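Okay, handing you the structure first.
In order of appearance the chains are A, B, C and D, and numbering begins at 1 in each one.
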Amino acid sequence: MAVLRRDLLLTLRRPAELMTTLFFFVIVVSLFPLGIGPQPELLREIAPGVLWVAALLASLLALPRLFAADHADGTLEQLALAPQPLSLSVFAKLVAHWLTTGLPLTLLAPLIALQFDLPASATGVLVVSLALGTPIFGAIGAVGAALTLGLRGGGVLTAVLVLPLYIPALIFGAGAVEATLGGLEASGHLSLLAALTVFTLAFAPWAAAAAVRISLD
Amino acid sequence: MLEVSALAAARGDRVLFAGLDFSVPAGGLLQVTGRNGTGKTTLLRVLARLVRPDAGEVRWNNTSVADLGDEFFAELCYLGHAPAIKDDLTARENLAFSAGIAGVAADAAAIDAALAEVGLTGREMLPGRVLSQGQRRRVALAQLYLGQRRLWLLDEPLAALDSEASAAFVERLGAHLHAGGVAVVSTHHEIVPPPPATRHALRLGAGQAPAKPGSDTDFPGGRAAGSQRNG
Amino acid sequence: MAIHWFKYASPASFYGLAGRLAPWFAAAAAVATLVGLYIGLVLAPTDFQQGDSYRIIYIHVPAAWIGMFTYLVMAGWAAAGVVFNTRLSGMMVQALAPTGAMFTFVALWTGAFWGRPTWGAYWVWDARLTSTLILFFLYIGYIALRASIDDPRRADRAGAVLTLVGVVNIPIIYFSVKWWNTLHQGASVKPGSSSMATVMLAGMLVMAFAAWMYTIAVSLVRVRAIIVEREQHSAWVGELLDARAPDDAPGTSGGVAGSKGEKAR
Amino acid sequence: MNWSSFSDFLAMGGYAFFVWMSYGVTALLVVAEVAWVVRQRRQSLARARIQRNIREWSSP
C-alpha cells in the first residue's frame, strides 16, 4: 500500500523525529527516581504506572507527525480525493505511525524497566501490554490530531481532547503489569486490553477520516 | 459531462457565490477568473467534493457526485495551491507515490516519461527540498500525464511556471480536451487551448470587480457561464 | 438570498418555539427546586449513620445524573446533525455543553464536601467521582475545541465527531474505572445507598426533575442567543428586530415565530 | 418537620460548613449561569441590531 510505504520511507529519511520521541520517553521515566528517591521497593511499585504514563505522553507528543505535514503540503487533500476510502488510508498511516512510534517504545521499555528493578515476568507483561496499548494511543490520537488540524494551539488542544480517552487503556495496561508484580494472573487485564485495541482499531480510523474531511472543508 | 446547478458556498458569514449554474461538455475547458477572495479556490474544492456546498448540486455524467463516490474520484485529478511535494523524497518518488495514492498504475518508465514531459529529465533523483517552486509545480503537473483521468480541476496551475513550461502545459491541456476530457482551471492568465476545444469563462465576484475591457463576458454575481468558441 | 432558507429554515422556526417553551420549563424548574429543597432540607429526617451531612446528596446525585444525561442528549443531537445535516443540531450541542459541564462540576464539588465528613478526605479515588471527573474533562475538551475553531459550521461538525467518540468511550471509561477501583480496594460507601427512606428518595427525584427542567430552560434561552448570533445577517433576524422594541427585556417576548420556517422541531 | 428551631436548621447537626458550602456554591453557579445566559441573549440581539443598522446605512 502506497501510503504505508511512503510514510515509512519519510520517517526513515528523517530519523531525528523518531529519536526525539524515544529520548523523551527515556528522559521522563528517568525523572521519577530523581524526584521520588532511589528506594528500590518504592520504584518497583510505581514502575508500571510511570512507564505507562511516560509511553502515553511520548505517544501524545508524536501525534502531530500523523497529519500535520500532510495537511500543510496538500497531501491530505490528495488522500481525501483518492478512489479508495479515506478511512483505509488513515488506517495505513496508523500502521506506519505505530511501526515508527509504538513499536520502538515497546521495544525500548524493557531496557528502561531495568532502572526500576522490574522482575522479568513483569517486564514481559509490560512489553505485551505496551504492544497492545500503543496502537490505541495512535488510533484515538488520530481523531484528536485530525480534529485540531490547522487550529491555533493545536498540540495542547489535542492533548486535552485525547487524554481522557486514553484512561481505559492506561488502567488495563498498567494494571496488567501491576497484577504480575503482585503475583497475580495478568491475562484478565491483557484480554480486556486486547478487546479494547480491536474495538478502537475498528472504529477510530473511520472517525479520524471524518475528522480529516471536516478539517479540509 | 460536468454540470452544476444552483450551487452556493459561503465562508463564515460571507456568501462567495450563489445560484451558480453551468455545464461543461466533454472536450470543454472552463476557465474561472476573478479577483482574490472571490471564491475560485472554493469553487474548485466544491467541485472536487472537498468542501460541501451550502446549496445546489454537482453532476458528473448526469449523476450527482454525492452518489458516485469512488467512481468519481477515479476520474478526477485535483491540483490545489500546495503541490503535495515532500522535501525528503526525490522527484521520482514524489510522483510515484502521488500516482500510488491516486490509484494510478505507473511503472518506473512511465514516471520518468511524465517527468521528462514537464522538462525534469536529469532531475529525477533530486530531493524535493532542492527543487525550485516552479520545479515543484512541474512535478505536481506531471501527475496529470499519468493515467487517464477525464476531469482536471486545477487551481492556478501556471503559478511559478516559466513561459516555456506554461506553453507546454497548454499544449497538453489541449490534447486532454481533444481526447474528450474536461478541465476546470482557475487562473489569472488567459489560457487559449488549441481548437477545436471549447472554452467557457466564468468570472466570480464580477459585481464588485471592475470589468476589464476585452475580457470574457461578465456575469454579475457569477450567475452563469457563457460559452464561446475559440478560433 | 434564496439559498439561506434551505438550511436556515429550521433554526428560524425553532427560535420562536424555544422562546415560547423556555418560560414554562423555567417555571417548572423553580417550583420543583422549591418543593425538592423543602422535602430534602426540612421534611426529611436525619440519617442515622451520616447525620445531616447526607443532605448534600439532594444536589450531588441529581447533578451527577443530569451531568451524565446531558452528555447523552448532546451526543443524540450530534448524531442527528451527522445524519440529517441540520444546522440546529450543532447549535443545540453548543447550548447544552456549558450547563452539562456546570452540573458535572457541581457533582464533583458536592462530592468533595460530602466525602470530607464521610470518608475524612475531600477527594477519594472513588469509582463514581473518578468517572465524573473524566466526564468533566470530556466537557472541557468539547468546549475547548469549539472555542478554538472560528468557523461555526466546522466547529459544529468537529464537535459532533468529538461528542460521538466521547459517548462511545463513556461506558468503557466507566467500566475500566470501576474495575480499577475494585482491584485497588477503594472506598465503597456510596451516597444514597439502598436503605433509603421514601422521603429521601422523593426529595432526590424532585431535585433531579428540577435540574432537568433547568437544563432545558437554560439551553433553550442559550440556543436562541446562538441562533441570533449566527444568523444575524439573515432577513428574518432583521424582521425580528423590527418587531421588537429596542429595549424590551430579554426572555420576556415569545419571539417572532419563523413565518418562513418549514420544519419545526 | 425535622427541625425544632431555625438555628437548628442552620447548624445542620454540626455539618453546617459542608452542607452550606455545597448548597451555596451550587446556588452561586446557577445564578451565575442564568445571568450569563441572559447577558448572552442581550448581546446577541444588540450585535444583530448593529449589523442590521450597518446594512441599512450602507445600502440606500
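Quick note on the criterion: a contact is a pair of C-beta atoms (placed from the backbone, for glycine too) under 8 Å apart; a residue touches a chain by one contact, two chains touch by 3 or more.
Note that the structure is predicted; figures quoted are calculated from it, not measured.
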Next item on the list: Have a look at C-D versus A-B and report the one with more C-beta pairs in contact.
Entry: C-D
Note to self: Measuring between Cα centroids, which chain is at the maximum distance from chain D?
What the structure shows: B
Next item on the list: Provide the C-alpha centroid distance between chain A and chain B, rounded to the nearest whole angstrom.
Entry: 39
Notebook entry, point to check: Which whole number of Å gives the spacing of the CA centres of chain C and chain D?
Noted result: 15
Notebook entry, point to check: What is the distance, in whole Å, between the centres of chain B and chain C, each centre taken as the mean of its C-alpha atoms?
Noted result: 47
Note to self: Need the CA-centroid distance for the pair chain A / chain D, whole Å please.
What the structure shows: 42
Note to self: Quick check on chain A: which residues sit in contact with 2+ other chains?
What the structure shows: 217
Checklist line | Multi-partner residues of chain C (at least 2 other chains) | finding: 233
Note to self: Two or more other chains touching the same residue: where does that happen in chain B?
What the structure shows: none
Notebook entry, point to check: Chain pairs in touch?
Noted result: A-B, A-C, B-C, C-D
Check: Which residues, counting only chain A, touch chain B once they are in their complex?
Finding: 2-3, 5-6, 9-10, 13-14, 69, 72-75, 77-85, 89, 216-217
Next item on the list: Show which residues of chain A lie in contact with chain C when the two form their complex.
Entry: 140, 143, 147-148, 151-153, 157, 160-161, 163-165, 167-168, 171-172, 175, 179, 192, 196, 199, 203-204, 207, 210-211, 214-215, 217
Note to self: Touching residues of chain B toward chain C in the complex: what are they?
What the structure shows: 6, 8, 11-13, 15, 18-19, 54-56
Note to self: Which stretch or stretches of chain D touch chain C in the complex?
What the structure shows: 1-3, 9, 12-15, 18-19, 21-23, 25-26, 29-30, 33-34, 37-38, 40-45, 47-49, 51-52, 55
Margin query: Quick check on the complex: what are the chain B residues that touch chain A?
Written below: 48-52, 70-71, 73-74, 76, 78, 80-86, 88-89, 93, 97-98, 100-103
